[in-house]
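Before anything else, here is the set of structures, which you'll find just below.
First chain A sits with chain B, and in the next complex the same chain sits with chain C.
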Partner chain A sequence: MDFTYTDDQRAFRDAMRALLMVEASPERVREGWELDAGISPQLQELIAAQGLSALSVPEAFGGLGLADTDWALLSQEFGYYAVPDAALNTAYPAACLIAALPDAPSLQQATLPRLAAGELQLAISHPLNPLVADADRADLVLAWADSEVHAVPRSAVDVSALASVDPARRLYRVSLETGAGTRVADAAQGEVLWRELINRSNLAICGQLLGLTQRILDISIDYSAQRKQFGKAIGSFQAVKHHMADVAVQSEFAKPVFNRAAWAVEHGHPLRDVYVSQARLACSEAAALAARNGIQLHGAMGYTWECDLQIFMKRIWALASSWGDAAFHKARVADWLFAPDTEIGPGKTFI
Partner chain B sequence: MDLHYTAEQNAFRAEVRAWMQQHVPREALPDYDTFEGFQAHRAWEKTLNSAGYAGITWPEALGGRGASLFEWLIFEEEYWAADAPLRLNQNGVFLLGPTLMEYGTEAQKARFLPRMAACDDMWAQAWSEPGAGSDMAAIRTTAVRDGDHYVINGQKTWSTRARWADWIFGLFRTEAGSQRHHGLSYLLVPLDTPGVTIRPIRQLNGLAGFAEIFFDNVRVPVDCCLGAEGEGWNVAMATAGFERGLLLRSPARYQQTARRLRTLYLANRDAADRDLSIRDAVIRAISATEAYALSTYRTVSMLAKGSKIGPESSTNKIFWSELDLLLHDTALRILGSRAELDTPESRRWMEGFMFAQAGPIYAGSNEIQRNIVAERMLGMPRQ
Partner chain C sequence: MKVLVAVKRVVDYNVKVRVKADGSGVDIANVKMSMNPFDEIAVEEAVRLKEAGKASEIIVVSMGVKQCEETLRTALAMGADRAILVETETELQPLAVAKLLKEIAAKEAPQLMILGKQAIDDDANQTGQMVAALLGWGQGTFASKVDLAAETVNVTREIDGGLETVKLALPAVVTTDLRLNEPRYVKLPNIMAAKKKPLEKVSPADLGVDVTPRLTTLKVAEPAKRSAGIKVASAAELVAKLKNEAKVL
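== the complex of A and B ==
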């Protein structure tokens, strides 16, 4: 029994943090807002040059083959610095799905090394994810069709852009034709593959939400130390402190739920769907409170375009129902929790 | 990260489970805040101690098992799952015990710990005073040095289970004219000393679960001072850390309540589902219970690797006390109009609900806890 991350995992996370602290400043995130891609070219180049797109590609295909618990730490950093979706957060579940395809060696050869090299962009179309991020720039769309997995080239996909509240998100509704030529896994295989993809997409979102929560805590607490009213820093007032303490409590107790979920996905634990949904509900709640209390603490400044709070707050709002709304995740928990044979408690649901 | 129990841990669980099946009384004991119940619970503590289970993390020489914190968690899980009696001497075993290990002299440890484990000495805490609740540094009860004794005068209150206890532990002002957390000493006081008067206070459930203690020239030998004279605040903060941080509220207690809540909901599902927010609350309460268990396993994992409990542990008390409220509030909503009735079905939930009201108040009110989280964990300014 050891519910901690290894020194290596934490060292890798720290290195990523150091990199993003310099390269993914709020100014750089804002630059992306004005561009078609939603991400600044420097940040995009950095992701390719540093091999970040290789993180989840198996070593056999030229990647780093990181495990889900590695990702659990990294995705919090991507959230903290509000790194936009496609290059990392989509690549992780998509690369894992392609690598797990039981009978598509040519697709794997054609995509994974290029993905690792940062030369290939993917998008994912699934009923739980009707707003497909970065579909217009994707070389290939992984598409769900009656549980089958299809790999559809961009040329066969029609996209129409949708504006998101988050100025960095590039969302599209897609229409595409699937057929024998695009099918890379049948429905039976697809059931398994999509299940893991849904779980990993949610892990990626959970990690981002925790990172965003921490960022809002940090910038709000900084602001509360600088901003003075009634002759003292507003952070010294109890009502203000308690807003932040409430966020810290929710966040502290969402983290271990998230860590268990990542471990369960990595090890194929039979209850991984439930654990992922419990994590998602906890992380979403913590993040929503962070956004709410963060803007309250910033006062009128928080309501301005100028204040960087919006970068993180809007990402939280945007991700709220991505890859499953609360109803979806509660249903996954309830289906298990209220089944007649379910046993809960020590030795039953911890591991 | 490895979330599997070791073979030794599984064997330990099996051992505890078998012991509990054999020894836990078939019928629930009378409430420990009645005289009859007090005696029955004291006898139960002795039974526990005969197996080395009273303070399992203590060294064997002092009456424990030298168990790891993982084994402590497993023990607690099996203890609560077996619906074993509440721990009469919990303030002694879980709060004073670890403090004695850290600050006590060898003589004090040998004198107090084995008798505490056997419940030969039943301990009560004596922190609060009429003018010192959340603001514990406002303590005024004095202990004036007179040769090899302290002479205590003043009043303590909200002293849990002091009515029939043998000893108390608490903070007393040993330096005349000292202010706030300076000049306090951590004293251990036998309650049969002349000059001690105990007045029971009836609690919300009708029973005298706590008491006021009056001190009128009470003479206590100086070897009853724990840690250095005048250093009481630091010693007491260590106790507060155990209480809020880990030992007093293991997740197992809430896991057992969560299990009962699930059973209650499923048995009343048709009626309960007329209000879908009840289903929501059941999911939330049970998920939060797991979150508390997971968080504790994380803390124990870190301690096992040699880390210390950090300021983030101040989130614990807020979380478990609000979790307890949610669990019981949800149960009462499921029971509906039956909840108020004194019936076998409702009584335990209502008693738990009432006790849950105290959670956000005792051991440092949750308002104080939020200040601590903001100041020590988040680094926000004090004033």
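== the complex of A and C ==
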């Protein structure tokens, strides 16, 4: 397993960072909260123009046909700048699912070129997420029904909005009718497709959580160097340093677990479900600690509306139960760990 | 019309550089490097000229270590057609760069050469002027507007207190100022497409140029740290301090 990112992957990251650093400042993120979409149309257009949604579309349909590890650094940038995750969900797990459909050439022909051009938005309805993000703005909803995959046009979906703890997220309860006309994969095919979609959605969340953790670290370190008590910057006090050091250690330990999970999904490793859930647990714990310690370090003002910290910690809370909560992921790991034929121990568990 | 653009790999503008302990320079080990921002503006201008149908081919040139290839790939992803890397481990100073550019210009015969007005690492602001002098071409430095015609180029220059427009016969050298344009964001598919564009590597010896440094850096030091300020109770006290202590009034 080679965890070194390639020049191209780093170039993608740098290009996306150059865009988001300027166009997704905390001020711009806050502006998005007042809009129906939760994100400014200009930022959406810029992200689409970047060609993000072409990355997972096969080359035959006008995309780049890139793989899962290519998203690992990009998703961290999305988290670092708290960009709402609709663009990421459309471009990565949803695009991969459509590209992998075994018997739906007409749907692929109708959607993938438009996805590559950034002209199509998708939403995903699955029992793991009772509320569907951005269903109102999606052109097509990919829906789970008894393990089958259905592609339901937005016009056939009723949505009712619900508030999220994260002011940038737009969540909806959806009501849709599925049938032979909307079915694009049967239950046997769907089992495989949904499994990969759950893994990819969780990889996207892991990346965002790592980016969010790093952002809280950076904000908190800056603040601790400026805020003074007893005549000194509070960052010089050991008890304050320890809060941030704990977060940095957790984050650094989560990164290789995340890298392994991305590699495993890309290469179809038999234990990819376990690795993804393990990564999700590690990244979630690091991010939750970052949010908690970030508030501590900012004193009483960490949770206030004026403080940018709230943007990032609320995104962490919002993502906490998206695509499976801790219990779901612990159960996936436990199912493997406690199976009678599982070989665990030195040289076995962590290969 | 061919346009030649020179780009330099420098420490990223977001990085706070640190002076080496021995004062011999700044530490660039494991530091993020990227294209000099003024050179990004130069590439953008060339791409806009091509999009406007005024330029037919954009050649980007960089000089230095192997990693300059990354900078050239960025320029190719922005829209340049091909790249030339003059690869050397030797420290390149402005005169050496100007000589190398002169030889490349002789080989490629561009009608227009665009460079950043200066690099953000050494802030020398010399290369554009030197290469124009070596080639015997006209120069329009600190450009905030470039209007290219068939035989000439009008360059609006930012000067103290206003703007000056000069008309240069082609071929000419233009150096870019900050307000010339806003460089585009590199699109992700273009990063992949840039890998397929040609990148030629040459050495200073291939071009017959001696790049031995002529200047020696004696010492590099950080700026003196500012001492803490004080609060004054009134405007009168401020005036008194400026008059009696700072002696600036």
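Remarks
Keep this in mind: the second predicted complex is superposed on the first by the 342 of 351 C-alpha atoms of A that agree within 3 Å, B and C clash if a C-alpha of one lies under 4 Å from a C-alpha of the other, contacts with A are read in each partner's own complex, and residues count from 1 in each chain.
Heads up, the rule we're going with is that a residue touches a chain if its C-beta (ideal position, glycine included) is under 8 Å from a C-beta of that chain, and two chains touch if they have at least 3 such contacts.
From a predicted model like this one, the values you see are computed outputs, not experimental measurements.
Room for both chain B and chain C is found when the two structures are superposed via chain A, with no clash between them.
A simple residue count on chain A separates chain B from chain C, and the partner touching more is B.
Judged by the touch definition given at the top, the superposed model places A:Gln121 against neither chain B nor chain C.
Once the two complexes are laid over each other on the shared chain, residue contacts for A:Phe253 go to chain B alone; chain C is not touched. In the superposition on chain A, A:Thr178 makes contact with neither chain B nor chain C.
Touch criterion not met for A:Gln310: it reaches neither chain B nor chain C.
Put simply, if you stand at the Cα centre of chain A and look at the Cα centres of chain B and chain C, the angle between them is 80 degrees to the nearest 10.
Annotation: superposed on chain A, chain B and chain C show a minimal Cα-Cα gap of 9 Å. The interface of chain A with chain B does not overlap its interface with chain C at any residue. Partner chain B is touched in their complex by these residues of chain A: 1-6, 69, 217, 221, 224-225, 232-233, 235-236, 238, 240-242, 244-246, 248-249, 252-257, 259-260, 263, 278, 281-282, 330, 333-334, 337-338, 340, 344-347, 349-351.
Across the interface of their complex, chain A is touched by residues 1-6, 9, 13, 70, 74, 77-78, 81, 252, 255-256, 258-259, 262, 265-266, 269, 279-280, 282-284, 286-288, 290-295, 297-298, 300-302, 304-305, 312, 315, 318-319, 367, 369-371, 373-375, 377-383 of chain B. The part of chain C that touches chain A in the complex is made up of residues 14, 34, 70, 73-74, 77, 185-192, 195.
Note for the complex: chain A touches chain C at residues 7-8, 11-12, 14-16, 18-19, 21, 46, 49-52, 54-55, 64.
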